[in-house]
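The data blocks that follow each hold one structure.
Next, two complexes with chain A in common: one pairs it with chain B, the other with chain C.
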Partner chain A sequence: MTSLIDTTIYSAITEAIRVEAARILSEGEVTAVVGYAAARRKGSAQPIVINTAADAGQLIFTPSCVNNLAVYLTKAKKEISKTGKIGIVVKGCDLKALVGLMGESQLKREDMYLIGVPCIGVLASTVQPATGLTAETIAPKCTECDAHLPQGCDFVPAQTPVVTKLEHKYAAEIARLEALTPAERWAYWKEQFTKCIKCYACRQVCPFCFCEQCLCDRNKPQMVDTTPRPAGNAAWHIVRAMHLAGRCAGCAECERVCPMDIPLNLLNRKMAMELKELYDYEAGFDVLDKGPLTMFTDKDDQSFIK
Partner chain B sequence: MQKYISQHNLDTLLDTLIKRGIRVVAPRMNAGIPLYEPLGSSGEVVSDTLPRRSAKEAFFPVCEDIMSYKKEGQKVTITDIDPGRFPETVLFGVRPCDAAAIPVLDAVFSWDYKDEFFLERRKKTTIIGLACTAADDACFCTAVGLSPSASKGSDLFLTALEGGGYACDTCSEKGEALIANNQALFDGPSTSNPIPFAEPQTDTFDLTKVKAWLNDHFEDPLWDGIATRCVGCGACAFVCPACHCFDIVDEGTEKAGKRRKNWDACGFWKFTHHASGHNPRDLQPKRYRNRIMHKFKYYDDKFGQTLCTGCGRCVRICPVGIDIAAIVEEINKK
Partner chain C sequence: MSRIGVFICHCGENISRTVDVERVAQEIGRLPGVSFSTDYKYMCSDPGQNLLKNAIKEQKLTHVVVAACSPRMHEKTFRKAVEAAGLNPFLCEMANIREHCSWVHENREEATVKAIDIVGMMVERVKKNRVLPTITVPVTKRSLVIGGGIAGIQAALDIADCGHEVILVEREPSIGGHMAQLSETFPTLDCSQCIMTPKMVDVANHPKIKLYTYSEIERVEGYIGNFQVTIKKKARSVDEDKCTGCGVCITKCPQKKIPNKFDCNIGLRSAIYVPFPQAVPNTPVIDRDNCTKFKTGKCGVCQKVCGPGAVDFEQQDTLIVEAVGAIVVATGFDLYTIDEKPKGSPIKGYGEFGHGKIPDVIDGMTFERLASASGPTGGKILRPSDGKEPKQIVFIQCIGSRAREKGISYCSKVCCMYTAKHTMLYHHKVHDGQAYVFFMDARTPGKSYDEFWRRSIEEEEAVYIRGMVSRLYQKGDKVVVMGSDIAVGVQVEIEADMVVLATAIQPQKGADSLAQKLGISYDKYNFYSEAHAKLRPVECATAGIYLAGACQGPKDIPETVSQASAAAAKVMTLFSKDQLEREPIVARVREFGCVGCFACKKVCAYGAVEEKEIRDRQGNLVKTVAFVNPGVCAGCGTCQATCPSKCVELDGYTDEQVIAMIEAL
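Right, the complex of A and B next:
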């Protein structure tokens, strides 16, 4: 068995989050705090929205705090009142989504109180919530994390994440797929897409899938077949990957929640590599008025025009 | 009377059925995921894990064609699917939580409208249940009145024995017929003890009390409290052995295409979206409330059964950790 990754700082972080959440709620700085709370199953956690300082004691941070809570601040989540400032607990990867949403004029920095989490890593979706964090049980995205300590937050517990160097799981898998012939690669993705049951969990957890009506839900005209069959499945996943190109910063929620284990983040990472190569652009670090795919400059790559 | 079947004879039984042209559906691995799927041979069976999706799809597939159409000039040809051609099937290795959901589905699919696609498959299928010997903390069959050794919904019910082989209980005429046609493979009852059953750790719910609370609390702060976190996907409904909502769509071109029936889910925004643009379940907590109401009240009102068998799949799969067992436990305590 691989040795446990040390996450003892998470208990001090939990304590600091509780104190800060109670403070900003009681002082009226925010109307709500979106964070994580323990759930029934041993070691499990779930998102929670609290409105009073008395509830701050429910907040936790553990290796089971996997969700990207940014989704709750988007207009897709109409249940959460967007009136007043909202506090939100964010890992570095989640913060990148908020940065993107600010760039797309979906959120304003002054409407958020960011509680950043110094993060060592969280659990993969394939293991039980009470499992210890190891090189095998850690979420694949955490092996390539470049944002263990979120920047530019309003509050970050004074803890230093000591990070274990791990094999980059996506880079290895993308390299393997790139070594295949186009026909072999297409066969691989066809097999993956065939597994899709169109539950749209990937869409619903994505902070960037905030369209009020998804193209794939439209039937006048019908753009994409809605049934879980090969044609409509492939169309949906290609639409999704393309729509996220230059926007997705790799929280990998789509892949984590897929009940059929489709490695969706590979598509997102590949798109991110293309953006890096073509426009020297990486999503999620700076709030930009326009991303590379929503503007044109005469320096843009035009080699595709033949 | 109880019979005994050795592992070797059980494998022979499945292989013999397959050779006779019977479709044998059982838990097997597909791209790393255990699913109830047609077997090529008995060697493919995985009996130590709960399949990711339930056994309902043996009768109610994720997606199926229900008719096709063709237009040539002014001539339109409609071709129905003939359910008479559905294959005779043995559904093997079904967990008690999955088998128990099948009579629950029978009630709705044979209610005011007889769904010939479901019913014809159902008629042609013999179900061999298998007692459960392992549970995790998402399992809660005992909380909803079932158990790891419940034979509800099974035609034959197998219990793994210490030292190998299975005790085999006959639960219906279909089960009797399957034994009668393969008598040489079964022996008299064994004296071996069963391998200990799984022990789900949740308390038993008082389902009458839960329903009584639901009767009076369509509007309640509980719904916002538990379901604001719901992101509105269909994962819970799609892995559920008892959820049975479906959509019907036409796919194709003006010239030719198919009408298809595919799974739908009350968690989707679009599920109750009216043509007028109005949506009576405009926010997610109202949609999640429907999930609980349907399972523990509406279905009971109509059919006298609970629409949940405690398999725990939705608990394991929910992207945001919504735990139906914890929610019903909370209602039960009110």
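Right, the complex of A and C next:
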């Protein structure tokens, strides 16, 4: 077994989050705080919405705090944001989603109080909650994290995350797939998509799937086959990957919630690599009026015009 | 239940040569929903259209498919015919079996099968067509004219004479443009100002023309019939309402040694000035960069001597918003500058001709000012270096123009004629002088133009040398011109007293940024592009914006005036109706599903997408959704393709219609 990654700062961070949440709630700066609380199983965590300073003691931050809470500000708990300004606990990866949502007119900065978390990493969805954080048990997204310390928040605990350099798991897997022939690669994805049961958990958890009516649910005309058959499955996952291109910043929630273990974030990372290569663009850092895919400039790559 | 009529056109032999049209008609006739199917030699002919109209009535048709050429050719024709027979025109579709089929295939059997597929697709599509009402948008019957040169003046006068209000905006302190700078005009040699100034005065006195000089266009919003234009009125430092134009301030201004741009910088003016005596309006302006009061805070003489108290050093730039229905762009030209090249310009200079270094090498416009009675020399031809009368003068044509290697490949069109005019003006003023002209070839098409050019050689003693100049240099007080005479095949060397370069015509500086504000297209030289080179030469591709004069390409005065009047006629056509009718092929948002991500707004090239608030009965905001302004929408469909939840539909091209077409295959 490899050595444990030191996450001792998380207890101090937990304390700082509780104090700050209690303060903003008691001073009336926010009407609610979205954060993490301990769940029933030992070491596990779950999202929580608190409305009073007295409840602030329930908030925690541990390696099990995997959820991207951004989704609670848009579709998952629409009624929360109607109550007023909301405090939210965000890791660097979650913050990128909020930045994207602001650029797409779904959230306003002034409606949020951002409590940023200095984050070393969280556990992979495949391991038990009480497991210690190691190079094996860490979530793959954390091996490639470039936002351990969230920027531009209203409050960030003083602790500095000391980061262990790890092998980039997605980059390695993408490199492996790219080395395959197109036929082999297609066979790989076909097999993955065949597993899909069309539960749409990936859609429900994704902060960017905020459409009120998904085009894949339309039946007049029907755009995508709704039954879990190979052709319709592939269509759904291609639509999803394309719609997230230039927007997804890699919180990997889709992959975490997939009951069939389809490596969904691999597609998202591949699209992000394309965007980086074509437009030198990385999603989630700046609130942009227009992203590279909704804008035309003379310098855009036109090599596709043959 | 649809009763679809299908009409297969032979297009003479264009289609029937390759496609078995009778078989197509038969096969299509069997499709469910098709109740009438026939073929005819020329569907677009009168009998063809009557066939269609009669069939609609006799067969009680509900939808029509015409299988013929491209809808670009005849969609309007058939939709009108369908409308005349009492159906909504948008229940008629065309299937293109000519450009997409018969013209590109040789095998009759395969082409016939493909034609059946194409027509079958359109049959399925037309079943999903809905009745679309024509869109009407109100028209504001006021017009904006940008640029107060002869083009802008002519357009403004024509529109105003028709009874419509005109806002005329000019960047310089006076209207008049380049024509006011010219001495005499070809081919009749009448004085430019004598024919120009009456028009300028007409503009000033016209009750329907609102004149903004020393002003620029800041922002343009809106669409045909409904533009909102923000005009920046630069601080003149003189109150136009109080000023009587007496000119005392100009006489008393102690700062008098500023090069006058109107005189091509060879004459001088004061810091408070009118650019030329006939300026309209005759209100001075303070050049704040050169005024002692603005530079040091001391002086203020003009304010002290001004009787009505019009001088106002505190004046600020102001923004004015005007609502107009049409815009005429008449921003004119600028001359190619030989020595100074704007940074990043692909166009190269003519350093070898010494312009800017040798004082007696001037451009054509400077020569106009020297020859003009109102110019700095009072109409005497005197060279800039020592004020002596040049006895040998060399004119060189095509400086910049027609020089691909230098970056301009077009012909500037007016230089041959004005150089011929210059030789005449020179000969009239310097009787013992000799004019030489280096030219590539003389281009003189136009009424009385060639006669004019011949006259300069045959009667006015100008010596034309066919060939270009390779080098110019100063030798004592002479300018030595070395060139070749290719007609004779010898090298020529002339010791000239003065050299005049016929420099190329270019669009005004900043033409590109104005085009971006207006949303009109321009070519690589920044000349504005017309909608169609032959059939729509004064309209922009952007509806409601028209072009006049040299901003669209090099033009002489008669051509400019014709185009200005043509643009005015287009504006008057637009203003002849209270409501403007537009094709209803526009995007529509399904507000129910819209989540307001505004991706559609970001990609809309026409600014047609707006944000719309949806409120409940108590007035609480439910959500903000996208709204497509049908007056602005051009029906390009980009928003439809972009919407992630497919909540934007393009009428006439809905997803339902397109998928029906795909499924028919």
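Everything below uses one rule, namely that the second predicted complex is superposed on the first by the 300 of 306 C-alpha atoms of A that agree within 3 Å, B and C clash if a C-alpha of one lies under 4 Å from a C-alpha of the other, contacts with A are read in each partner's own complex, and residues count from 1 in each chain.
Convention: contacts are C-beta pairs under 8 Å (C-beta built on N, C-alpha and C of every residue); 3 or more make two chains touch, one makes a residue touch a chain.
Computed from a predicted model, the values in this text were never measured in an experiment.
Because the two structures share chain A, they can be overlaid on it, and in that overlay chain B and chain C fit beside each other without clashing.
By the touch criterion stated above, A:287 is placed in contact with neither chain B nor chain C.
Looking at the shared chain after the overlay, A:53 reaches neither chain B nor chain C.
When the two structures are aligned on the shared chain, A:226 is found in touch with chain B, with no touch to chain C. Legend: residue contacts after superposition of the two complexes on their common chain; A:67 is shown touching chain B, with no touch to chain C.
Taking Cα centres throughout, chain A sits at the apex of an angle toward chain B and chain C that amounts to 130 degrees, reported as a multiple of 10. Of the two partner chains placed around the shared chain by superposition, chain B is the only one that A:257 touches, whereas chain C remains out of contact. Once the two complexes are laid over each other on the shared chain, residue contacts for A:195 go to chain B alone; chain C is not touched. Annotation for chain A, partner touching more residues between chain B and chain C: B.
After superposing the two complexes on their shared chain, the closest approach between C-alpha atoms of chain B and chain C is 7 Å. On the chain C side of its complex with chain A, the touching residues are 592-599, 602-603, 624, 642, 644-647, 655-656, 659-660. Those residues of chain A whose C-beta lies close enough to touch chain C in the complex are 104-106, 210-215, 218, 220-221, 223, 243, 289-290, 294-295. The part of chain A that touches chain B in the complex is made up of residues 39-42, 44-49, 67, 71-72, 77-80, 128, 191, 195, 197-201, 203-205, 217, 225-229, 232, 253, 256-257, 259-261. Put simply, chain B touches chain A in their complex at residues 30-33, 52-53, 62-63, 136-138, 224, 228-229, 231-235, 237-239, 247, 249, 251, 260, 262-263, 265, 268-270, 282-285, 315, 317, 319-323, 325-326, 329.
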